[in-house]
Amino acid sequence: MGGGAARALTFTQECVIPVERERLWDFLMELPRVARCVPGVETIEVVDASAYRGSLKFQVGPIRLALQGTVTVEERDRNAWRARMRAEANDRRLGGGIRARMSLTLAPGEGGTRLQIETDLAVLGKIGEFGQPVIKKKADTLLAEFARNLQSALAA
Amino acid sequence: MAHRIVGKPIGRLDGIEKVSGEARYSGDVTLPGLVWGKALRSPLPHARILRIDTSKAKAFAGVLAVLTARDLPNILVGRRMFDMPLLARERVRFIGERVAVVAALDPDIAEEALALIDVEYEDLPAVFDPVEAIKDGAPILHENPGAYDGAPPERPHPNVQSVLRFKLGDVEAGFRAADRVFEHTFRTQLDHQGYLEPHAGVVGIDEDGRVQVWASNKMPFRLKELLSQALQLPPAQIRVNLTPIGGDFGGKGSVMDLPLAYHLARATGRPVKMVMRYTEELMAGNPRHPAVITLRTGVSKDGRIVARRVKALFNSGAYAAFKPAPSVNLGGAGMGAGVYRIPQLLIESFCVYSNNIPCGHARSPGEPQMVFAGESHMDMIARELSLDPAEFRRRNLLRDGDLLANGHHLEHVRASETLEAALKASHWSEPKPGPWIGRGAAMTHRHIGVGFTNARVRLESDGTVTLLIALPDTGTGAHLVLRQVVAEVLGLPLDEVEIEIATTDDFTTDSGVGGSRVTHTGGRAAYHAAEKLKEQIQAEAAKLGEPASALSAIAQAAAREGRTLEASHFYDAKAHGAVTSFTAQVAEVAVDPATGQVTVRHFTTAHDVGTIINPIGHQGQIEGGLIQGLGFALMEELKTEDGQISTLSLGDFKLPTIQDIPPLTTVLLEDAVGPGPFNAKAIGEGSISAVAPAIANAVADACGVRILDLPITAEKVYFALRAKVEPLVPPVQERQS
Amino acid sequence: MTRVIRLIVNGTSHEMETPTYRTLLDCLRYDLGLIGSKEGCGVGVCGACTVLLDGKMISSCIALAVFADGHAVTTIEGLAEDERLHPVQQAFMDAGGFQCGICTPGQVVSAKALLDAIPDPSDAQIREWMVGNLCRCTGYYKIVESIRAAAERSRA
Amino acid sequence: MNAFEYRAPRGLDEALAVLREHGDDARVVAGGTALVTMMRQHLVRPGCLVSLRDVQGLDRIEATNGALRLGALVTHREAEVSPLVRERLPVLAETFRRVATVRIRHMATIGGALAHADPNQDPPVTLLALGARVEIRGARGHRELPLGEFFRDYYETALEPGELVTAVTVPLLPVASGATFLKFLPRTADDYATVAVAAIVTLEPDGERCREARIALGSVGVTPLRGMAAEAILSGQRLSESLLQAAGEAVKGVVDPLSDHRGSAAYKREMTGVMIGRALTQAWEAARRAR
């Protein structure tokens, strides 16, 4: 059993960012900046202190998703160095969408801070009718790329 | 006794429209001004609907109407228990539930418009597995199911739809008396009936304000009642027009989209056609219930069953609406007793709510699930007792005077003859042709259906006879069978008896097609009506001094006096008789040890049948049911992950093809005593249920691997084989709930 | 967007204006009223929509009507010759090669194409050719018999 | 389906011009078995559909020096029954024969199959093992790519916007070679492969040792894969159980399957090893006979 939307498998990305935990935390808590590290993100705007609205383009071969939706920061726990956020986005033209719950944890690591991103992704509606496993795989690679971009953004 | 027409291998004379493409199914019906309806479905398994915005869809060119629950009366529909809204109201309970409906000039425009409807949801906790669903603290699907019309009183947990019990003697005492007790748990998958005609319907409101309905539905009179309730209209204002049905297999008995088509017709002032895409069938039809079944059996030293307890959990999904039985459960649960005399028996069957597709009836409802479990269990016990599985069955088979789980006592029991016939034909006792080859046997039995049917026969002025009947043609060949019965009684050639398809205006009632009923009830209704007409004809002939064979002269004489020779009969078989039909099947399989692939090398099916009225149609029922059983055993599965079905096309949900069928031997034990015309029995549901366990038992015999959950995929067999030699292997693919 | 196309259906030429998105199946069924061809799976798997395009069997549910512009289409309605059933049609009736009949037009059209290509097919050839025509009623045994019988009848 | 503009150019240059004109909004269609299905599912919504069906000269199968050249519009069925393909490259004809159903093979084209780049298709596997090259035409003219460089990812190829596949060239087998394509279908006969493998074995003059082996794998990665490590293990060796074992282990190392209705990733990996062992055995025997 599981709560809410139909779940996909959970992906986990791990990477070490060569900066101290505080700096990484502060960076991550500024979502618009983080969003620029997400491949395909086109716009991101602040709704309120914990909610953001944005759009993302994402392609699986012939299928092009233009997702519009919101990201909500559900938890900011600087003592536990953990943040949880929830993304909901739909593609109007295709009639479908995605739901993602992400949890970011920061831990001391070799020469920097170990960032762990756990993502729980659901693919809904029409999009879900097309090879679920393929889209999961795609999302996985997208998150890996995000982690790499984050690294370089902070290294700079 | 010898017959002229009954029992003759007559081809499908009734099918000229079908082979020529002229047959008009519901989806082929068209009316002036007809428009198309399409439903928007929930992408979430359990959520609150916060907001629906249909403005963009309404503005889309070619759209005539968009309706949500707000626009409809707050009516709940069902076949027996009324718990399903026409459109989701405030809350969705499964992925695929209808939340809005659109009418447009063509189906593509309607589907385009669906994407323009904005729905805002708020997730609710969901539950998918039936075992989880009845634990304390599980998410609750319906606050007060007991309040629904037709809801059975007993409800040990709010997520239980219904409980069905079969009890003989004192089961605990039985277990105390047993020398050995065995317990095994089995799982069966979610499976679609697989008819190739998706649900289709046309609803129009004629100039007299009557609602005209064309629907792929096998019970026109029940449909009329259900629509009258769903639409809040007097029954007289609804006419159901019969069309051929493109496959039923139990799945075509609900109102499905018809109430929505009606409301769209009201909203647009046009007749509305709604045809589900096959993807919608697989996502939101009413498929076969998945099951979790535990059997506990106590046996004596000499291999006799002294007690059995069966607990079945059927995962019914979000609504009970698709189950027609008064129990709102699956009668097949009674097959937990198999074909065996079990003095102390307790079967408990629970249909459970979960956030999955609502399940319904499928060919012999509940039986393929229960017989897979029961007949696998029998082989596993036989192995433990070092008995030949056939011998273990022999010692326990039902005999004359024994009781079924439901308390019916049996006569003319031919269980052992049927088993022996299958064993002989399959060379059971001969050595197997090679390594990795195994044989497995399984048995079942099926009641001869009951119900009520109206038939009317009329002598036409040209001397031919017309049979008026309101039983839809689901493809079984029943209409041809009924013509044969009438022709036999009246001594006419077959081509002088025609069928006329009635509407719901022509009769007052009829229980329709299903439950292995039609040859019995329709056959008897036609038989007695024909007998009555025969008497009239003889009386007329005597008056005229004509031979009774001078039919046109007799008809014309009556016509001159303004009379038509016509006779009707209403046949009503209420309770099941003391006779059932037994089936024994043997599968011979080869297992590829390197891949786990199972090949059925040969299949033997033996049936205890009555008088066969049409051998071609009869054999067709056996073969069709058997291959459905093969698909259930080896390949068919609607895979779900947290309520989301991922096999949403016939490219992913695979049905057996013409290259997947095994060589087949059929054995028919004829001339039994049957309640149908000329001693006929039933055959439609006789061949499907024992196939899976026969194959599972053969796989175990071939390679020593016992598969407890269907389907028996190559992967499961492969990893089970590996597990025998290596303890640490990847798990067999995650089990589906 | 619409397009004017010309189809030669069962020997008769039809010129019509049809939306570009119209499938050949919908064009036959709704524009021309030839309802013999059925939509089952809608993805080219089940064969209920089988028609012959220039003599070759195709899935009309995943072919656009515009694809057939200027080409010859044979449907189930075109098999019988002046009220006389095609041998395949007769054989399906005699041998009980159908039950509900929803797949039958596709079965018959495919079987006709088979006998046009291979007048005397082996059972293996019948099964390989017909694998794309699903039938849920018959279990296929009587379909094989029907085609065998039709082959014999055609030779006679 | 959404409303779209339909264009059916009769020549290649015209087709390229139409593609330039419509850019990102245009989709190319030939047989339509993949694209029309996705359009019906509302997954693909082109503004303009450019059909190559009427383009002349892309439907030929011809023998060029040491190779077969199949035009992009050749259907799977035409490739399957072509006497030329059956005589020169029977393994390729057999591979096409295993695709879906006769009806689909009548519709689906070779160019379409390559451009669609679905890793679950059969022909790319055999074509990859055979060392086929893809001919591409675009605004900037003509170019050619080895198939191994053509597939990039799920449904993604090296085709630039506005480019088209025009043909595929397939070298014939060297002497003393045998080739086998195996499609593992544990469910139904009309299913996609759970695993598909192609193996080509070329023997030394001694007729015993393997001079060269070429292995390709389908349905076990984001593109069809080459089993190079296994090929290296085989070259110079004599056929033996242990050699097949080693080759099987080697291919298992390169695959990265997805769990789906046709099997879990773990099962597909195991089956790749089994199938490649069987394919190599058959190819080896064929090579012996071919001497």
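Labels for the chains are A, B, C and D, by order of writing; each one numbers its residues from 1.
One rule holds for everything that comes next: a residue touches a chain if its C-beta (ideal position, glycine included) is under 8 Å from a C-beta of that chain, and two chains touch if they have at least 3 such contacts.
Here the structure is a predicted model, which means the values were calculated and not measured.
**Student:** Tell me which has more C-beta contacts between its two chains, B-C or A-D.
**Tutor:** Between A-D and B-C, contacts are more numerous in B-C.
**Student:** Just curious, how far off is subunit C from subunit A if you go by their C-alpha centres, in Å?
**Tutor:** 50
**Student:** With chain centres defined as C-alpha means, what is the inter-centre distance between subunit B and subunit C in Å?
**Tutor:** That gives a centre separation of 29 Å.
**Student:** Between subunit A and subunit D, what's the gap in Å when you average each chain's C-alpha atoms?
**Tutor:** Their C-alpha centroids are separated by 35 Å.
**Student:** So what's the Cα centroid distance for subunit B and subunit D, whole Å?
**Tutor:** From the centre of subunit B to the centre of subunit D is 43 Å.
**Student:** Using the touch rule from the top of the page, what residues of subunit D touch 2 or more other chains?
**Tutor:** Residue numbers touching two or more other chains: 1-2, 41-42, 189-190, 259.
**Student:** On subunit A, where are the residues touching two or more other chains?
**Tutor:** Residues 93-95, 126, 129, 132.
**Student:** Mark out which residues of subunit C touch at least two other chains, giving numbers and ranges.
**Tutor:** Counting only residues that touch two or more other chains, subunit C contributes 19, 21, 42-43, 45, 128, 131-132.
**Student:** Mind giving me all the chain pairs that touch?
**Tutor:** Result of the pairwise touch check is A-B, A-D, B-C, B-D, C-D.
**Student:** Inside the complex, what are the residues of subunit A that reach subunit B?
**Tutor:** Interface residues on subunit A, with respect to subunit B: 1-8, 92-97, 122, 124-126, 128-129, 132.
**Student:** Which residues of subunit B touch subunit C in the complex?
**Tutor:** Residues 11-13, 15-25, 27-28, 30, 106-108, 193-198, 244-249, 275, 277-279, 473-477, 616-617, 619-620, 623-628, 649-651, 655-659, 661, 664 of subunit B touch subunit C in their complex.
**Student:** Tell me, which parts of subunit C touch subunit B in their complex?
**Tutor:** Touch residues, subunit C against subunit B: 19, 21-22, 26, 29-30, 33-43, 45-46, 48, 75-77, 79-80, 85, 89-90, 92-96, 98-105, 108, 126-128, 130-144.
**Student:** Please name which positions on subunit D make contact with subunit C in the complex.
**Tutor:** Within the complex, subunit D touches subunit C at residues 1-6, 8, 32-33, 36-37, 39-40, 49, 51, 53, 77, 100-104, 106-107, 189-190.
**Student:** Can you tell me which positions in subunit B touch subunit A when the two form their complex?
**Tutor:** 43-47, 95, 114-116, 123-129, 132-133, 138-139, 279, 641-644, 646, 648
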